[in-house]
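Notes follow once the structure below has been shown.
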Amino acid sequence: MYMHTHKVQYYETDKMQITHHSNYIRFMEEARIGFLAACGYKYEDFEKDGVVSPVVSVSCNFKKSTTFPDIINIKVYVKSVTPVRFVLGYIMYVNDNIVCTASSGHCFMKKEGHIISIKKEYPEFFEVLTGEIEE
Amino acid sequence: MYMHTHKVQYYETDKMQITHHSNYIRFMEEARIGFLAACGYKYEDFEKDGVVSPVVSVSCNFKKSTTFPDIINIKVYVKSVTPVRFVLGYIMYVNDNIVCTASSGHCFMKKEGHIISIKKEYPEFFEVLTGEIEE
Amino acid sequence: MYMHTHKVQYYETDKMQITHHSNYIRFMEEARIGFLAACGYKYEDFEKDGVVSPVVSVSCNFKKSTTFPDIINIKVYVKSVTPVRFVLGYIMYVNDNIVCTASSGHCFMKKEGHIISIKKEYPEFFEVLTGEIEE
Amino acid sequence: MYMHTHKVQYYETDKMQITHHSNYIRFMEEARIGFLAACGYKYEDFEKDGVVSPVVSVSCNFKKSTTFPDIINIKVYVKSVTPVRFVLGYIMYVNDNIVCTASSGHCFMKKEGHIISIKKEYPEFFEVLTGEIEE
């Protein structure tokens, strides 16, 4: 189980004196890159291969507000995988309280713009993702 | 029908040379504030009343990438309303292409932290929202 | 005289309930791109040429705080020009009050990374900048 | 000597495929808050006292570009102190290369808006800052 830690920064707060909701989308990116690296796949290595991984969807449910200087712990897991797409899930905690649950969908694309089959082009990565699926 | 316009800024792009996906959540906020003002309700007036409107959920589907200096036109509409919550929908266009569809859920809270009934505290605003519902 | 307008967004504020100071650097970029376009030079056209214009220095003096939903008017002018570098000045107003004065230094580089002579490669642009110098 | 570490995030890069220059101002804030905490003064404690510390000036010289996933080490030191204002200096490194040098000026204010004397209101903090001055 992978857990990413993000310390809320002052510049991430807003006039309501809480973490601006758009920043959770950024925390998800940080956590996702950490999760993939923990699985043995560095995002920068895909880019060196000429492959990028655009976000095709995001969804967040905000349960409790957070603010500077809270420490958010983010559990990342795999929700589903198909040959061309995978969906990650995120559960964010401050202490033992869930503050946000979220998910993001991703595909893999050649820089020129066509979607590639993860199963075909990165079969080992596909296996790893499949092995990490949680309900 | 309310349409908000956002010009993608250079600082909103990322290493993939497209608009970073987290920024669409910010464009939604801009568009939402414009939509509410067009309905006759300025966000800053709610705040003067000691009322804030935290985002309780967001969801985005990214259809096509955008980048600097694209002009994004954002249609805002009401998806659903209950006495304590409303959900707005967003359709974002560059020229005639849909680049993103999204929604966001909101409640109204007293600054001290308890959720209020929009229907009871702001009955006229509740009527306006209800009148703007689209399928 | 070029004047750029930026409406402070809610997501640009912080816990102190004012515009976060880092955002003024972004407003300067917006204003600079608008100023160059008003001079007849679109930033995206330089990029199509394989030329980028990294920021080599920035400096800001914050005179008064601003917040959502203030309208900031930003006057942009040329402070100095040499064959390889130019410095722009910015004066930001809310109503008639100066809220920030700033400057930024820029060079032009080929994407491969070497600095080019603006005077030699873009002599007309160099002339325009020189003609816009203000004390 | 205090050293803060920031890992450049993907969302901090731009279309030029480097860290957007505005983000260094945010790294300075992170580093500054860490430095003050290392000196025994947590920023959140000042806020609990009803005291905020607005940034009155910033200045950055960008020496080399950085990008995701660079690790930036930021040395923070005190440049000057007066009873009502202090200036911090920052030297940012990637490996042994200086990528940015910067400074920021700060005052202390009561939330109601008047500047206070740091020397009078926080004499021990004033002593600590004075003791940290470096040429």
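A, B, C and D label the chains in the order they appear, each numbered from 1.
The working rule: a contact is a pair of C-beta atoms (placed from the backbone, for glycine too) under 8 Å apart; a residue touches a chain by one contact, two chains touch by 3 or more.
Every value quoted in this text rests on a predicted model; they were computed, and no experiment measured them.
**Q** Report which of C-D and B-C is connected by more C-beta pairs in contact.
**A** Here the pair linked by more C-beta pairs in contact is C-D.
**Q** By mean C-alpha coordinates, which chain is most distant from subunit D?
**A** Here the answer is chain B, farthest from subunit D.
**Q** Roughly how many whole angstrom separate the Cα centroids of subunit C and subunit D?
**A** Taking the mean C-alpha position of each chain, the two centres sit 23 Å apart.
**Q** Whole-Å distance, subunit A centre to subunit C centre, using C-alpha means?
**A** 34
**Q** Rounded to a whole Å, what is the gap between the Cα centroids of subunit B and subunit C?
**A** One centre to the other, that is 29 Å.
**Q** Multi-chain contacts in subunit A: which residues touch at least two other chains?
**A** 10-11, 15, 22, 26, 29, 68
**Q** Show which residues of subunit D lie in contact with subunit C when the two form their complex.
**A** Those in contact with subunit C are residues 15-16, 18, 21-23, 25-26, 29, 47, 52, 54-62, 65.
**Q** Help me check something: in the complex, which residues belonging to subunit C touch subunit B?
**A** For this pair, the touching residues of subunit C are 9-11, 26, 29-30, 33, 42-44, 68-69.
**Q** Give every residue of subunit D touching subunit B within the complex, in rising order.
**A** 10-11, 13-15, 17, 20, 22, 67-68
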